[in-house]
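Down below are the structures I want you to see.
You will see two complexes here that share chain A, one where it goes with chain B and one where it goes with chain C.
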Partner chain A sequence: MLRFFGFRLLRAAITIVMVVTFAFVVLRLSGDPALLIMSVDAPPEAVAAFRTAWGLDEPLWVQYFKYFSAIFEGDLGRSMRDGRPALTLVLERVPATLALTIPALLIKLCIGIPAGITAALHRNSLLDRLVMALAVAGFTIPSFVLGLLLVLLFAVQLGWLPSGGQESWRHAILPVITLGVGGAAVLARFTRSAMLEVLGQPYIRTASAKGVPWRAVVWGHALPNAAIPTVTIVGFMVGSLIAGAVVVESVFSWPGVGRLLVVAVANRDLAVVQCILLLVAATMVTSNLVVDLLYGALDPRLRSGLASAPKGAAA
Partner chain B sequence: MRRRQFAVLPALALAAPAIAQSDQRPELRVAVQKISNSNTLETPREQSNVGFRLSTLFVEGLIGTGWTTDMRAVPELATAWRRVDDRTVEFDLRADVRMHDGRVMTAEDAAFSIGGARLYGSATPPEVVATARRTFPGFERMEIPREGVLRFVNRIPDVTLEGRLAQNVGVVVSQAAFEAAENWLAWARRPVGTGPYRVAEYRPDSSLTFEAHDAYWGGRPPARRVRVVEVPEVSSRVNALFSGEVDFITDMPPDQIPIIERNPRFEVLGSPINNIRILAFDAGHAVLRNPLVRRALTHAIDRRAIVDSLWAGRTEMPRGLQLPFFGDMYVADWESPRFDVAEARRLLREASYRGEPIPYRCLNNYYTGQTATAQVLVEMWRAAGLNVQLQMMENFSQISEPGPTRAIRDWSVTHTFGDPVGSLVRAMGPRGELQNQREWTNEEFNRLSATLESSTDRAERRAAHARMLTIIEREDPGYMVLHTAATFIGKRRDIRWRASQGWPLDFRASNLSFGA
Partner chain C sequence: MTALVTLRDLAVSFDGTPALRGIDLAIARGEALGMVGESGCGKSVTWLAALGLLPGKARVTGSVTLDRAEILHAKPAVLDRLRGGRIAMIFQDPASSLNPVHRLGKQVCEALRLHRGLTGAAARAEAKRLFDLVGIPDAARRLDAFPHELSGGQNQRVMIAMALAGEPELLIADEPTTALDVTIQAQILDLLARLRREMNMALVLISHDLGVVADACDRVAVMYAGRIVEEAPIARIFAEPAHPYTHGLIGALPPIDGPRRPLAAIPGQVPDPRAMPKGCAFAPRCPRRIDACEVAIPESRVMAAEHRAACLRAEAFEAVHA
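Presenting the complex of A and B:
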């Protein structure tokens, strides 16, 4: 078990280092932060002074070495836009993003999974086709299109809800729906597929043949077995809680981590981008670990396989 | 003076709640694409189009600009100014100007703002110091010869001192507030000036709230509060206007104008501004090394067609890189190279051009209508026999990156004050961006730049300016002018307001009123 976790942690650390290194190189080679942050209207002398002040005139490898050395001392750097610690800037935005992504996740779970189960249990019925048609529509409409359509209807035409901003809970409704609809559609499709696969298994037929009530068959045998692929998708959704609303935050002018990421990338504000990437990678890695553990809880065969596996097999 | 201030403050404090209770003025809500690039509001740090837009709401200089009239210099915190000699300008300061912290503006505040620690202090970021030095390259000292009078003294003769002081770098702020600020960033996010509105709350990348500065010398502001929100998407800004959440939206591309004006409750205002869209040439590029090819590029473009089709005729074709507010420095009979495909083809034949590719670096709509304009340009050049290849870039750093693929790039030049030194010399002169980037240089042009900067002989300066335009726009092109930039603002029709001829939004009582 320790070896299992140790390997995953090592893999996670290597992933994070690679992500950070890739981002460092790409961002530095694709734009000069001094020119981007100071704007093209700034005098060349000011741009040069900025470059010197932030060490941007040093060789790339020196900048990289300094950046990594600082990380090991717990310093994730400072924003070149205003000099504040990058971590502070990012953490300030996390609650705003979670205020959208957590309710959206609940919508995904509360609508997507029941819809997928219902569709599977009524396969080829009108209900199934209706659910799947909505799921395909929800899955294929880009979030920025859906967001703008919702704004046109509920903000411009009906005047019921605000079109953007973050001044009250009412401002969160449309972005949460926009985020939730697409995810619910994905979950509905996956849940339906998983359920259909499980419902065709011999043990489902056996349980039914033994006279087990259909409700008990579904709850006791079908759902737990169909949960594994669904949990995987939900794991990805949980992992993207921090930075999964980039487009929606822009459409609805919601000042969360996604907006910060867009602005930071556009300005090549390296420390802020790296800090967000670290946070996202850490969330994703943690989520994957939890999913791995849930696999074991959901399927006893995986638990016993993990315990009796020869060395290295668990990896 | 100090006793009088103390006497006034308690009276103001007593009056404030009463004013607040009876304040029926509306709140003005404005959606902009961006509030600040640098996440600060300090003008020498935020030298950008978006920064220029808002700075006039909260800070002012000694000399202002008639943004809604003729763009000429107008009295602002100085009621009058005069030349003492070629190096010195003397200002009569406006009396009883109250700053946002309740203090009365003094000559010391003004001297500190232009020549003190605000721009040159040890805790001031180096880029701010560099901007100040660039704006006032010959600055020697500030003098206060007597109460209410201030002198700006330059090391060398400079006829453009007044223009330099009209820029928003040298705005007047409260010295006491600056010194009381926790640190430079805290100051830069809440500068204390004299403008019609004071900064109440700034949430970077999100919103900026101003409150009316009721003691404003130019009259009580008509809005109780101005709330600026950042809405990066054009369609989201339009939706916010239509849904009634905001009263003004900025940065409207021309194709949105008919959509907004279809609704009788809204209108779009805006006009050409003090910024000219140009294309810069890299004379070091293998093909553009020959000036005949560059000249052919300038003749192959039908500017009128671009202005009429992509701008719905709502901008202008300037007479070169200059604007009428230059006054006697404006070369009124100057013509940009005419649209003449036959002449372009003749020049290409003379240059023995064989269709070698010419890269053209473009950003995706940083400038209004940029991508569509670039596509039209490429087709116009193709019609004249020029093989120009469009290269979409992500940012200005990539646009400017030296190398064999840099030939033509998109650019714009702002006329920072009414003299060619504020644009032609600033952008194209020996220390300007074009030459700093090693894209183009010309010995005679550089000599004339020095003349423009140092000569006090108006006739000599006028002749130098005309000759410089001839060199850089006709004989040895360093750029070609496309059109005057324009900015469009969507607004509620029932709010009376005039758009300026620059970026600034003017929400003073003289330019804004509510109701029918």
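Presenting the complex of A and C:
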């Protein structure tokens, strides 16, 4: 068990290093921050001075090495635009993003899972078809389109809700709905197919054959099994709490991490972009670890697989 | 003696395709009936339909009575009480028939709670007694095991223990040994035979293997393409099979002694359920076929005491092979 999680932890660390490295290389190959920030008309001496100041004149591998050694001292660099520490800049934005993504996650869970279960239990009924049609619509409409449609309807036409900004909780309603709908749709489809898979298993028939009332068959025998695949997709949603709202934040002018990322990329503000990507990779990897732990709790077959197979092939 | 369970003209179809085409059968208290026939002939569907365990798209008609009370299409609450309580069922693949995420003890205790109102320590003690009864070694510890930690044979014993939890009057064993290896098969069959005697329980043993049924049952019903084609006491079916299909099944059994001979396979295949012949379903494969066989489905007729067969040529056939 310990060796298994040691292995997973190591793999998580490698994943994060790879993400950071990839971001480092791509950002440096795809444009010159000195020219972007100083503007193209700036005198060459000023541009050169900027490069020296930020270490951009050094060979790439030296920059990479310095960047990495700084990370281990907790220094994620400074924003090239205003000189503040990148980490501070990013962490300032996290609460605003979570204010959208956490309520959206609750919507996904509270609508997606019950809808999927209901559809599966009434397979091929009118209800099932209705739920699935809504689900298809929900995850095929891109969030920026849905966001703009909601703004058009509730802000422009009806005037019930503000179209953007972050002044009050009412400003959060439309972005939260926009975020929640797509996820709820995905979760509904996932839960439905997981339930259908489980309901076709022989042990469900066994439970009915021994006289378990249908409601108890569903709750006691089907759901604990259907939870196993559903946890995977929920874990993914939890992992994207920090950075899952880039588009929606842009549509609704919500000052969160996502918008900071868009601005920082446009400005080639290297330290900020890398800091955000590091944070995103870390949350995703952490939530994957938690999902692995939950698998063990939900599925006894994996639990004994973990005890006997330290390589973790079972996960 | 009045029958415990009676099926009358039980028919099942899936999306308009008939799977069961009128079954008449009676099970007496305490008797052991074997049901044989090849895969897809409707052996399992008969009992899944009788207990209301088929998926919703199945159309079930006819009548199933338990102690003269109609149970087909009964209310869910009525069915839940008798399923596992009066009629229990075990299945072919024990490993996937047990819930993989629940401990074995919990699964058995659930049946004890539902049918005998036992909970907590009392249920656990009874579950342990049942595990001992079906011959699970180290029963107390096995109660806390999960299905994947046991072998197929042990899991089938757990299934049997769970089926016995409600002290049923009838146990339906649907190919209980098909997924197990041969030595374990014999043990499970012996166990079923012993439990039946000790608990005075009726047994329906579904199998595609006439040999398996011969050992464990008093009487056998032979099914072909959704119908019972012959029904007789075990000894009689081997001595004087009336239906050519039964004859073919017996011919396909390897003899345990005597000279080696090639096993006789029945030529042809089971007809497609969507395109059943108008007359006898076995006619296209039957060596004794006459034109009349293809006109109408033959009625089941009495051959001798407790012996019925649905074949126009039954007497003639018997005369030839006597």
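One rule holds in what follows: the second predicted complex is superposed on the first by the 298 of 315 C-alpha atoms of A that agree within 3 Å, B and C clash if a C-alpha of one lies under 4 Å from a C-alpha of the other, contacts with A are read in each partner's own complex, and residues count from 1 in each chain.
We take it that a residue touches a chain if its C-beta (ideal position, glycine included) is under 8 Å from a C-beta of that chain, and two chains touch if they have at least 3 such contacts.
Computed from a predicted model, the values in this text were never measured in an experiment.
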What is the contact status of A:T206 with respect to chain B (first) and chain C (second): first, second, both, or neither?
second
Check whether A:R11 is in contact with chain B, with chain C, with both or with neither, and answer first, second, both or neither.
neither
Chain B versus chain C as contact partner of A:R129, first or second or both or neither:
neither
Mind working out whether A:L260 is in touch with chain B, chain C, both or neither, as first, second, both or neither?
first
Taking the superposition as given, does A:S163 touch the first partner, chain B, the second, chain C, both, or neither?
first
Taking the superposition on A as described, I'd like to know which of chain B and chain C A:W214 touches: first, second, both or neither.
second
Contact-wise, after the overlay, does A:F252 reach chain B, chain C, both or neither (first, second, both, neither)?
first
Determine, for the superposed model, which of the two partners chain B and chain C contacts more residues of chain A.
B
Help me check something: in the complex, which residues belonging to chain A touch chain B?
30-32, 35-50, 52-53, 79, 81-84, 148, 151-152, 155-156, 159, 162-166, 250-253, 255, 259-260, 262-263, 266-268
Inside the complex, what are the residues of chain A that reach chain C?
201-203, 205-214, 220-221, 224-225, 298-301, 304
Write out the stretch or stretches of chain C touching chain A in their complex.
48, 51, 53, 76-77, 80-85, 88-89, 91, 93, 96-102, 110-111, 114-115, 146, 148-149, 159, 162-163, 165-166
Give the list of chain B residues in touch with chain A in this complex.
37-40, 47-49, 51, 125-131, 133-135, 185, 188-189, 203-207, 229-233, 235-236, 239-240, 242-245, 394-398, 400, 411, 414, 431, 433, 436
